[in-house]
Each structure stands twice: as structure tokens, then as C-alpha cells.
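Per-chain numbering from 1; labels A, B, C, D and E assigned in written order.
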Amino acid sequence: ATAAERGPVVMAAASLQEALTAAADAWAAKGHARPLLSFAGSSALARQIVAGAPADLFLSADEPWMDAVAKAGLLRPGTRTTLLGNRLVLVGPASGRLRLTPAPGFPLAHALGGGRLALADPDAVPAGKYAKAALTALGVWRGVAGRLAPAENVRAAMALVEHGAAPLGIVYATDARASKRVRVVGIFPASSHPPIRYPVALLKASRHPDAMGFRNFLASREGRAIFARYGFAAP
Amino acid sequence: MLSPEEWGIVALSLKVGGVAVLACLPLAFALAWLLARHRFPGRLLLDALVHLPLVLPPVVTGWLLLLAFGPLGPVGRWLNDWFGTTLMFRWTGAALAAAIMALPLMVRAMRLSIEGVDRRLEGAARTLGAGHWHAFWTISLPLALPGVLAALVLGFARSIGEFGATITFVSNIPGETRTLPLAIYSALQVPGGEAMVTRLALLSVALSLGALLVSEWLVRRTPAERLRRGD
Amino acid sequence: MLSPEEWGIVALSLKVGGVAVLACLPLAFALAWLLARHRFPGRLLLDALVHLPLVLPPVVTGWLLLLAFGPLGPVGRWLNDWFGTTLMFRWTGAALAAAIMALPLMVRAMRLSIEGVDRRLEGAARTLGAGHWHAFWTISLPLALPGVLAALVLGFARSIGEFGATITFVSNIPGETRTLPLAIYSALQVPGGEAMVTRLALLSVALSLGALLVSEWLVRRTPAERLRRGD
Amino acid sequence: MAIEIDVEKRFGTRTIAACFTAESGLTALFGPSGAGKTSILNMVAGLLRPDRGHIRVGGRTLFGADVDLPPEARRIGYVFQDGRLFPHRRVKANLLYGYHLADPARRWMGFVEAVAFLGIEPLLGRWPQSLSGGEAQRVAIGRALLAGPEILLMDEPLSSLDAARRGDIMAVIERIRDELRLPILYVSHDRTEVDRLATEVVTLNG
Amino acid sequence: MAIEIDVEKRFGTRTIAACFTAESGLTALFGPSGAGKTSILNMVAGLLRPDRGHIRVGGRTLFGADVDLPPEARRIGYVFQDGRLFPHRRVKANLLYGYHLADPARRWMGFVEAVAFLGIEPLLGRWPQSLSGGEAQRVAIGRALLAGPEILLMDEPLSSLDAARRGDIMAVIERIRDELRLPILYVSHDRTEVDRLATEVVTLNG
């Protein structure tokens, strides 16, 4: 296949899978070659790019990995923009009745009972880092730090709640919205953590003529509308 | 040289790996024996089942473990009702995950050795008055020892490297389930964490090199090897 | 029954697994032979090196592959300069990752069998006029066949299940590197994707069951097994 | 003690059959290569299951209509045609394997005595694989005798021994035959051996 | 063709040594069990490396100061004391293994002829493991002869054969000795065998 038939190679954080697939479908429906979407953890993707992967676009789940690629001098200058935002929510099993509004000093430890709080690894994974920041800002981090269940990623954290292994979990609003087995117990105030932003940028190695067009499509009103359907906020 | 935290991680990895392999050993041997020596209906199915943890991505195995051993799972509920215990978020759960991932490798190694045992020697032992079990312990098992040792090395190495099933099943809790691979994963997620990754990876390598040395030393003490050296 | 996309994933998995195992086989056998038959300085180091992909978390192996075979890595640059080819984002890269992960298992299985070969039979072949290599092909190799078959099964199963090193090294490109485990990972990322996961996992199981059946059929045709059945 | 044997066993198209009664003493099984001598010893030892028939030794039924004693319950001592020493045990441990398992009251030969008349004292610390053909054969004889059996099966036990050793061991076999009155089933192609030892000769046709 | 042997080999504290020259014909190696007969055959075959010495056959040096021919270049036929049939090949394939490797011009015995005088025709399709002791021994003899060797090493080749077979095979060995004038090194404990076949007897001390 020639480059034009193949569409640009897009490396995107795994949490964007559903929404970005829908966006790519919409783009293809306009008569463009369908982009090749590769979903993995942002860290794995960033490392591949730094190692010289011949990709066109990078959508990261957080800023630091985009920064790492930028620092390696691999971004096309002037193409980086923040595409999406998200919210952090507290979830519990769908069958529960608990309501808990995350606010300074809210009784999270008490609500856990003897259980653990599921979240993405707070030392490593973006969603976990945001969660740690939020709980610290609300002054409850100390109370739960010894009772965490740090998972590989947000989806795995949510699975722990879905299967009853943890009574509560902290995930993105987009994830909670898509699962029938959990319900949102409370929403974290946006001010309690650094803004959740998904940056996108064109890579220096990009050769595909459609790459910039697809990036612009994602950032357009039409593109953002698709992401909004999946619960993503504007940045 | 190592920080106390790193020591803790190494100790935990050793505990998880050691317990996993030793606990798995009798079951693995029994399965290897069954598959090597007996023809029965469902044998192929059992063989496939044993290979399952090898074929499925580890995350899926971890997910299945969660379904079975989680608080809502059948085994998890049973464990809780009868023993008031759970494997969730415990090092014992990590050991279970490691054991299951190591099982296919251990079974295969021992099976190859058992298939190589000359059964006429067992017959000879029987004529000398050894019962079924005595012949097993004194003849069959020692002759299959190379496979058992290979199984121990493979199983331990696999346990030391186990990541996907562990983090999915018992998550990544410092001091409880954060073994070396999980610590390495955490380090890998952080931009610039490469130095830490390298350090921890070298620790893993050191551990398995140690296991290899021990096994090599044990192999040297088996009769088969002494024969080869012409002792 | 299967969607064209699913067929594509299965075909890719078969291609990656098959190529990985077959390409790995000669090297693995050579290593097994070396470790089983020869004592040389650095033997233990080589043994440890072979075990490495088992001990390190797959993600680390993938990362090391990326460093070496990526377009900027030493091997990657060399491949590009001399052959104008790259493994990045290619199914060949996925096969490389699978082969490296399968290597320790394959080497161990074959090594166990090679160690079990009665070397006096090789001597007998030599007195009958067979050169070193002829004796190898006609005596040693056929007698080690059970280990070779076990290696093929283990290696193929491991390849079919390989996830961490693959996604880290060659990413998750549909039609090119998205094998079954990567497709399963993608499905797992979608809330409510369990049905899809189950479907894909069953496909993996079917593939390895197929491999097992083929190997079982081959084993039945080896002389050792015919002997056991008293043919 | 009499041996009463009436067995039949099919291998593919070939049938091995034997029917004879032998009084206490040494019964030589004679017959061409492939006649079924080893197969008959294996059936008596319990290592090969006859298709039909019975095997009785001194009134004890080892195999019959609804009896099939496992080998370890038959109290036989078997010197195999092919040695079958345990490769993972040194000579001494091979010799003592059956000795330790036997009821002390039923042992009729001591370790030191066996080692002495077989001349294997210098071999005790060696691994079987390094033994010469005749050395291995002597160890195999010792191992069978030391288990204190009630009946001896010997499949060409002296075939690769020199004349002197052969004489020594034949003297011991005579003693076992006459003093201990153990029934012995003995396979050999050597006429002089058979003439000297056998109280009865059973001939099998190939 | 003369055989000239002068070798020494240490096993631990034990030293095997032999020094003799034998003219064409059959040289019997005689000596007690463990004297080193098999070891000497192994050294001639190239399977065991002497510590020092030389081995010459009809002017060809097989082993010497700076010569150590590999076994396949020595053109020997070796009937092992323990058979060593290839377990993964049927009897026919065992027999033909060396036959196919030999230069057709140097073969001196045909397949059909060997099968006939050894009486192994019915065994051709069988696996070695199912053979009786004597059957295996006959196949091993056939395998060695069919490789068309220039010198024969036979380690108790007739030990488990019945008198009739033994006579047949001895007749063939005589023919090989007299018509083909092949040098033969022959180990046996049977006096009648040695008396009939040997042109020379070398005695080793244990």
C-alpha cells in the first residue's frame, strides 16, 4: 500500500481508544485514508517515538510524556495543542447507595471501611498522579495512603471496583460513564488537582500528507464534538 | 548499596518466587507424571489446560484470577467463609499468580524427564521387593531429577519476572505485592525513570543468576552429572 | 462466525508465532547443544543470558529491543543501512519479540532431551562410518526429538500469548503488530469489552489447542513413542 | 518346593507358551534364541502378564484365575539378561537395595559374604556405568541374592565371565540349590554349565 | 595385514596396558573380567583415547604420536558387548546404517546374504527394544559386517546364542578370516570358541 492509502500513523493513549476510533471513522467517512491507530500506555508510545518510530501524530494522556518527546526535539514546532480535558471521579459498585462529595477533609477513609481504594498507580500513571494530588489537596491522602490498591492503569483500577475487590476507586469521568458496573459516588473539584489535559502534536518524523489535516480535524469543532460524546471535556 | 526499600522489594520477590515454585512443585510433578505415563480420556484437554497460562496474555490470567479469587468469586467466597482469609492484595495472591504462570513450564520440563526414565529399572526395583511407591521414590524420582531441577529454575525465573497477572490480580502495593517487575513498571512509567529501571532490572538478573548457580551446584551433585564427568 | 477483522488478527498471530518459533529453532537448538554438551568458560553466563527474557518483565525486554532495534539503535541503524529495512511497527518486529521471549523455554526443553541422549550410540554410529555431522543428523537429533517437539509447543504457545515485549517494542498497529494479546488488551481498555475479551481469549486457546494436537500427532510418529506403545 | 508353570502369551502373531512342573532344584530352560525363555522368566517375576494360565511356587499361587501378585510380593530374585543396575546408585547401594527391603529373618546371605565370593569388593564405591561387562554381571547377581528371595530366576548369569569366576559362582549356585533348597529357573546356552547345575532341563521350541 | 598395538590408559588408580602384534587372522583377547579387553577394543575403534602408545593396522596408523584418526576413518566393524542398536530405527534400518555409508566397492557382504545366515529375516520390521537378547546380538553382528570394515572387533559376539546359531556364525567368521583375510580382534570366555577360531591368543592380566 502506498503512504496515501495507508493513512497517517497515530500513537494514542489507551484511554482514548473508543473516542479516537469514532473520530477516525468520521474522518474516513469524509473520503480520507483511515489513520492507523496504535493504542498503548503513553509511556510506551513516547519511548517508541524517542527511539525513532516512524509515526505521524502523538496523543498523550498527560503533559510530562509530551514534554519528554518535545525535549528530545521530535515535535513539529507549532503543532502542539491541548486537545481534551477530563474529570476525576470517585466510583463505587453500581449496586451501592453511598454518596460522598469530595471536599476538604471528606470521610474517605471511613467510607472505605476495611477495604482498599483502587486507583491507577499514583507514583507512575497519570490518573493516579492526579488522584494523589487531589486527595492531598483535600487533606485526606494521609488517611488512605496505606490502604491503596494501585493498578496498572485506570481500567484495571475500575475492574477492581467492578469485581468487588475494592469498595471505592478513583477513575476518569469518561471511564466511569462507560461502565455499567460502577456508579459515580462523587466528582472531584477541578481545583483539587492540576488540570487533566490530553495534548496532541505532529511529530517531526511525520511524512504523511494527511497528518496535519487529521490533527486539525481532531481539534476542530466537529472533532471535539465527537470526544464530548464520550464524556471528554474541553481543555 | 541498596536502599531499605529496594531490599524490601528483593526480599518480597524472593519470598513470592520461592513460595510459588515450592508450592507449585508437587502439583506440577503430579500433572507431569499423569501426562507422561497415563493415557486417559481428556488427557489432551488437561494438557491444553496446563498450557493455558502460557497462551493467554498474563493480564487475562490475572483477570480470571480476580474473577475466581476475588471477594465475589466462587473460590474467594469459599476461602473467606471457611478460612476467613483472602488472597486479594496479599503476597499470597502474588505467589498464586506466579505459580500459575510458572506451572506450564514446570510441567513440561518434568514431563520430558519422566518420559526419559527407563521403566525397566522400575521393574527391577519391584523384583527386589520395592512397592510401587518405594520404587517411585528411590528410582523414578531420582532418575527424573534433572527435569525437576530444570523445572525449579524455569519456574523461579518465571516467577521473578511475572508482572501482568500479578498487577491485575493483587495490584501494586508496596511491601505486600510490589515485587521487582511491578517496581520496574512503576519506574518505567515516569519520564526519566530509566536509571531506576536499569538498577532494578539488574537486581532481577542477579537474583536469577543466583538461582542458576544454586541449580548448577545441585545438578553437579546428581548422579547423572557425576556419571557424565566420569566421577 | 469470525469477523474479517478477527480473521486478520488470528492470521497475524499465526504468522508471528509460526515465524518466531521456526526462526528461533536453530539458534535455540545450537544453544541447547552447547549448554548440554560443552563445558567452557562463560558457560554459566551464557546460561543466564538465555534465561534473561524469562526473568525480566516483558516490558523491559521490549524496551531493550527498542533501544537496540529501533531506528536509532545500533542494530536498527545497521539493518537500515545495509538492508534498507526496519523492524519498527512491523510484524517482523513482533516475531522477533516473540522469538526472544520463547527462547529460554525452547532452549531448556531441548537441552533436557539432548542431555538424555545416550552418547554411546553416537560412538556406535561413528564406528559404522558416520562422520560427526552424519551421526548428529541420524542419531543425536532424532533421539532428542521429544525435546524439539516440546520446544515447538512451548515456544508457539508463548508466542501466541506474548504481549508486554511486543507492545513496548512495535506498538499496537492494526494489521501489522496487533496480535491476539494486543487485541485483547485493546478490548480490555473498553469498559464492557469483556465479551470481546472472552471471544478473543477463546480464539487464543483454540490456536494453542490446535498446536498441541499437531504436536501430539507428531509425537505419536516418533520412534520413542512407538516403542512405548509397543508397536 | 515345586514350580508349576502353565502360561501363554501372544506378541503380535507369535505365541509363547510353556507348561512344565519342576521339583525343587535347578531347572534349566533351554531353547534357541527367541524361543521365549526371557519372556517366561518375566512372567514368573510379574513383569509380564500372561494371557492365560497359572504360576505356582511351592504351593503359593503367584498368578492364576483371580490372582496376580505384584512383583514385590513374589519374593523372587531375578538376574536380568541385560543387568539393569540402577545407574544413579553406586555399586554398594545397588547391592543393598533389596537387602534393606527384605525381612531380616528371611535373608539367607550376608553382604560381606556376597561381596567376597563375587570378588566385587574393589567396585563398591563405583558407578555402574563405569563397570566392565563381567563386573556388572557379578553385581547384578549379588543384588538378586542379597534380597533374600524364595526363588531365583537367572537369565544367562555367567555369560560374560571368565572360567575361574564362573567356577566360583557355580559353586555358590550349587550351595543355594542344595543347602537352601531354593528353586532356581536358569537360562543358559552353555552345555557344561547346564550339565553341572541342572537337576531338570526344560526345552522350548522357537 | 598385521595388527600392532601398544597402548596404555589410566582409569583413576587402575592402568590398562597392552602390547602385542598379531598377524592377519583372528586374535583372541583372553583375560579375567575387568582385565581391559573392552577398553582395548574401544581404543582400537577410536572411542577411547589411549594415554600413550600407537595402534597400527596393516601399515595404516590409526593412533600414534601425532595421528588420531576419528572412528569413521578407521574402517572398523565393532560388535559391542552391549549391542548398542539404534533404538529409533527398525532392525532393517539398523542393518543398513553402515552399509549405505560404505563405499560400494569395499563392501564384501550383501544384505540378503547377511540376513540369511543370521536368520533375522523375520525381524527386519521390528524395533530393537522388542528383540530377545540373542536376536539383538545377531542384528548387531550383521550391522557391523555390512559396513564393509577392514578390521573386525568382536566383544563376546556369541555369548547369548544357542549352539546351532553359534556354529553357523562361527563358520561365517572362519570364512571372513580365511577368505577375506580380515584381521579380527575377538573377545570371548568360551574355550571351545577360541580353540576353533583363534589363530593367536593374547592373554591380559587383570
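Definition applied: a contact is a pair of C-beta atoms (placed from the backbone, for glycine too) under 8 Å apart; a residue touches a chain by one contact, two chains touch by 3 or more.
Keep in mind that what you see is a predicted model, and the values were worked out from it rather than measured.
A.B. asks: Between chain A and chain D, how many steps is the shortest route if every step has to go to a touching chain?
C.D. replies: Contact-graph shortest path, chain A to chain D, evaluates to 2.
A.B. asks: State the chain with the largest centre-to-centre distance from chain B, centres being mean CA positions.
C.D. replies: Ranked by distance of C-alpha centres from chain B, the top chain is E.
A.B. asks: Tell me which chain's centre, taken as the mean of its C-alpha atoms, is farthest from chain D.
C.D. replies: A
A.B. asks: Between what two chains do the most C-beta pairs come into contact?
C.D. replies: B-C
A.B. asks: Do the two copies chain D and chain E share over half of their interface residue numbers, or under half; same or different?
C.D. replies: Answer same: the two copies use largely identical residue numbers here.
A.B. asks: Centre to centre, by mean C-alpha position, how many angstrom separate chain A and chain E?
C.D. replies: 79
A.B. asks: Give, as an integer number of Å, the spacing between the C-alpha centres of chain E and chain D.
C.D. replies: Taking the average C-alpha coordinate of chain D and of chain E, the gap between them is 29 Å.
A.B. asks: Need the CA-centroid distance for the pair chain A / chain C, whole Å please.
C.D. replies: Here chain A and chain C have centroids separated by 35 Å.
A.B. asks: Please compute the C-alpha centroid of chain B, do the same for chain D, then give the distance between them in whole Å.
C.D. replies: 45
A.B. asks: Can you list every residue of chain C that touches 2 or more other chains, as numbers and ranges?
C.D. replies: Touching at least two other chains: 59, 63, 185, 188, 224.
A.B. asks: For chain E, write out the residues touching at least two other chains, lowest number first.
C.D. replies: Counting only residues that touch two or more other chains, chain E contributes 130.
A.B. asks: Counting only residues that touch at least 2 other chains, which ones in chain A make the list?
C.D. replies: Answer for chain A, listing residues that touch two or more other chains: there are none.
A.B. asks: Line, ring, star, complete or other: which describes how these chains touch one another?
C.D. replies: If you draw each chain as a dot and join those that touch, the picture is no line, ring, star or complete graph.
A.B. asks: Chain pairs in touch?
C.D. replies: Contact pairs between chains: A-B, A-C, B-C, B-D, C-E, D-E.
A.B. asks: What residues on chain C touch chain A, complex-wise?
C.D. replies: 59, 62-63, 66-67, 70-73, 76, 86, 88-89, 167-168, 171-177, 185-186, 188-192
A.B. asks: Which of the residues in chain D end up touching chain E in this complex?
C.D. replies: Residue list for chain D touching chain E: 11, 31-34, 37-38, 81-82, 130, 132-135, 137-138, 155-156, 159-166, 189-191.
A.B. asks: Can you list the chain A residues touching chain C in their complex?
C.D. replies: By the definition above, chain A touches chain C via 9, 11, 14-15, 17-18, 36-40, 44-45, 47-48, 51-55, 153, 155, 158, 175, 178-180.
A.B. asks: Can you list the chain D residues touching chain B in their complex?
C.D. replies: 45-47, 70-72, 74-78, 80, 84, 86-89, 97-98, 101-102, 127, 129-130, 143-144, 147
A.B. asks: Within the complex, which stretch of chain A touches chain B?
C.D. replies: Of all residues in chain A, those touching chain B are 41, 43, 46, 64-65, 67-68, 116, 118, 121, 123-125, 148-152, 156, 159-160, 163-165.
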